[in-house]
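Notes to accompany the following structure.
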Amino acid sequence: MKPRSVILLAHCPLRPGIAARLTELVHSRGGTILSHDQYVDAEIHHYYTRLEWEAAAASGGSEEARDAVASLIPAEADAEWSLSDSSEVPRMAIFASKDPACLYDLLARCHSGEWALEAPLVIGNHPELAEAAARFGAEFQAFSITDENRKGAEARQLELLRARRIDFVVLARYMQILSGDFVRAYPNRILNIHHGFLPAFPGSRPYRAARERGVKIIGASCHYVTEELDTGPIIEQDILRVGHRHSVEDLVRLGRDVEKVVLARAVRCHFQRRVVVHRGRTVVFD
Amino acid sequence: MKPRSVILLAHCPLRPGIAARLTELVHSRGGTILSHDQYVDAEIHHYYTRLEWEAAAASGGSEEARDAVASLIPAEADAEWSLSDSSEVPRMAIFASKDPACLYDLLARCHSGEWALEAPLVIGNHPELAEAAARFGAEFQAFSITDENRKGAEARQLELLRARRIDFVVLARYMQILSGDFVRAYPNRILNIHHGFLPAFPGSRPYRAARERGVKIIGASCHYVTEELDTGPIIEQDILRVGHRHSVEDLVRLGRDVEKVVLARAVRCHFQRRVVVHRGRTVVFD
Amino acid sequence: MKPRSVILLAHCPLRPGIAARLTELVHSRGGTILSHDQYVDAEIHHYYTRLEWEAAAASGGSEEARDAVASLIPAEADAEWSLSDSSEVPRMAIFASKDPACLYDLLARCHSGEWALEAPLVIGNHPELAEAAARFGAEFQAFSITDENRKGAEARQLELLRARRIDFVVLARYMQILSGDFVRAYPNRILNIHHGFLPAFPGSRPYRAARERGVKIIGASCHYVTEELDTGPIIEQDILRVGHRHSVEDLVRLGRDVEKVVLARAVRCHFQRRVVVHRGRTVVFD
Amino acid sequence: MKPRSVILLAHCPLRPGIAARLTELVHSRGGTILSHDQYVDAEIHHYYTRLEWEAAAASGGSEEARDAVASLIPAEADAEWSLSDSSEVPRMAIFASKDPACLYDLLARCHSGEWALEAPLVIGNHPELAEAAARFGAEFQAFSITDENRKGAEARQLELLRARRIDFVVLARYMQILSGDFVRAYPNRILNIHHGFLPAFPGSRPYRAARERGVKIIGASCHYVTEELDTGPIIEQDILRVGHRHSVEDLVRLGRDVEKVVLARAVRCHFQRRVVVHRGRTVVFD
């Protein structure tokens, strides 16, 4: 069994000696550093770090750790940090529509031992995916959403997320646009897979658009959802070469595999606390 | 619903007009050509083709079609052809050991509507994957294989394959080497995913070897199993860039995703009759 | 020495037997087919082909060949064909500004024996690249272009192109926008390399835009120039993975190598007559 | 103009606080850190770093800097470091045979302002590349090498390298195997581009071998030359997807472009002091 570890994810204006002080903090408390990723954006003099350590048994409660970190990274406008503990397994809700490809992939990774992540809840705007959820013992709730009932439906979804103690939401080809209210309830905690290569073809039929434009490459992007459509911080992207022989159906099929892989990589980086969001961009410690 | 279609997959020494005669054969019987892929290897004057057509209702039995093709591609040493009918859904058996990643991916594709393929049987050399098979309603049979019982175990496996009317076998990270007898029972119908980049690191611990060699790229290969280990015709390969920061564990994790995608692409090409094997190589009409 | 070959590049509405009739045409005239690429767009029932054959000595003049092809592909609105002869080496003019990377790459390929292509003329809108052109014995002409003198300058450029018997133009990081008049003088014969991943970041500073958007992939596109900016038929694209550690300078440097390769691939396909343009897209027989 | 900078490239057994002490050393001498790349191999507890700083005018001679570094990284069996100064432009010799593709690419990068690198000397084992060298004003010396004269020829080559104050050697498709004596004269300072995907197809005709094996991917590797053929530390690799339609000639042509890019990336990392060699592998701070 893996020992208990603690992860600090932080960014702040660069100050001299910050790296040494963070590692000293761990050593002084008897911890063993497992990894220490750092990045300095020289253009804006900003420091980003992910520090993971094995906590000593006698290292004291996490509150004490929080105080120690707070003394090194003071609260200020352009700084942010969080501590997380490997003993708390995060919980993900998956929103989907009819295509089960991404859903199956995420559920399988949660149940195969690959990920230390729970996926207790699947929300659909169609009933089709009930069977897929059931295969992996996940609760399935369908919400038929119209412009009229959207507000109430989202309120009930948010209630459900809270009741199931959901930490973050993955839109795995969910064909609905979330309201600003919903997005604000989970800031930088809603991941969307865009079936197209952002910012190339925003909108609802990117593969048809890609075929008509005659592109030689298709791709997929996973980004955090923000109130403005398809412009949130990009976590991961990948592509595939295509050609004139590929029909729209081929592009959809090939794109689906890119989407699955891109979404899975992004979800892993998110729940393993590898993603810092700052100024509309991500720093990914992968 | 998709209409019934027929697929001719063939190779033979190049003779003038062969393409026109094949299409004429389809037209004369009232069929509509859906796709016609061809390849001529100019070096050895050899013709390869995959011709798919929508069969007319009154187009006569497949025996008649067979006679017509046989008249165009006479039996000879260096020629081979087969006709298949979309109304017969192929049946795949999956052999695996402990890692469920590829197994889940294949089963999900069979059950999500993505593939017109049945996966009724999973054979393990450990009991671990019983649950994964059960989630998708597949029969699971475990065979604990030792050098002593191998012969008998393989005989029972072959019997099982016949009883379940299995068309082809996929070794989805199956950690046993099949005997020549077994391989000869399913010529060019056993696919293996090699967790390493053939012919780079043959053998059992390719990621450890890759790390020690300091490679900057890892990959996976799917090939047909032949009697000689890891030298069968390659169907599909892909790679991923890595670096000095990746531990052996990272390589295993990253490699697993490449393996899944490479295996899935190869299985699709195989069961949709897109792969011709000739002289130890493949022609893949993808 | 390679024997004389003829290339037919054509597209037309699909008609039965067209492929067989084209190959028959070559055989009946004593030619030997070197390659025969075909593509049928099933969605619009359109036929595209590239047929290359070794011409027999006694095969008659090219006029006769033209008549024969014309009898198979009658003049109509949605059909087009051209015959070219390997004995006529095409001549390329390169337009550039200050960055010599693409220019050197193209000139080196023309002079190393890799390409059967002449590059007698380099046009710059700055004097900087005179030395690069001189290294490979190409004529260099600088045109300092302003909004006021553009019309006259372009007229003199067109005159120069005609005087040097230029077949096609490559904009190898040429920082000027050509007028509609210029573009219409070389329809589908002006190639542009876009230092960014079309249609992602049109405009003049795509790498700055890519960095600000936080993309994880950058790329380059080569397309034919049309009167509308950056929307011409795409010939080739490629990409490179990047991350948060890459500065704008890194992106420019990495992007330059992608641009070079993408442009070289596209130029090769163009001058070897591998590109059919139809309905704003390309079919590339590579 | 870029200001004068100093680069420390080092590796040593991991000791606590080493990173902080190195940065402190720079700060205490009035330097400004431009970049600080680090890597800890957790498996073997080893520290690797590349630290680049802008030297203050009054920072003292480099000898003093050497003493300071030596006090932090004591001489021991498993440690190594070097300091270099941006004011000293490195000098590269290029060895080649008949194919000018890589040679032109390297020379163009040296002369286009892309690289702060001099390429004063080209050595060929054939006279063919004299013209290519001359275009860029490089001295060209041809050595016709046989088994009989190899020893003497290599001695004269080494003398030439010393006379021209060459820092490192690039084998840009040089079709001769260097003797152990030669290799030992430039340890980890001879780069070779292998036209094939190491360790896949060692030997002299990798593309023919790749075609016969039916691989779906080809690649190129750049590695430091060691006394054992094709097993030196890999600096960079890349690949390209291919298929059954590609002839050996196609593979050679496509491979050439991969080779050019891989070699150029590796040369840049080498002369910008981004490569640490340790235990037969590289750590590349790119």
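Note that the chains take the letters A, B, C and D in the order they are written out, and that residue 1 is the start of every chain.
Keep in mind that, in the parts below, a residue touches a chain if its C-beta (ideal position, glycine included) is under 8 Å from a C-beta of that chain, and two chains touch if they have at least 3 such contacts.
Values in this document were obtained by computation on a predicted structure and should not be read as measured data.
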{"item": "Distance-maximising chain from subunit C - centres being C-alpha averages", "value": "A"}
{"item": "Chain pair with more C-beta contacts, B-C versus A-C", "value": "A-C"}
{"item": "Euclidean distance of C-alpha centroids - subunit C vs subunit D, Å", "value": "35"}
{"item": "Whole-Å gap separating subunit B and subunit C, where each centre is the average of the chain's CA atoms", "value": "39"}
{"item": "Touching two or more other chains - residue numbers and ranges from subunit C", "value": "42, 241"}
{"item": "Complex contact set, residues of subunit B against subunit D", "value": "39, 41-43, 48, 197-201, 212-217, 219, 233-239, 243-245, 247, 280-284"}
{"item": "Partner subunit D, residues of subunit C touching it in the complex", "value": "99-101, 104-105, 108-109, 112, 114, 132, 135-136, 253, 256-257, 261, 264-265"}
{"item": "Subunit D contact footprint on subunit A (complex, rising order)", "value": "16-17, 19-20, 27, 34-36, 40, 42, 241"}
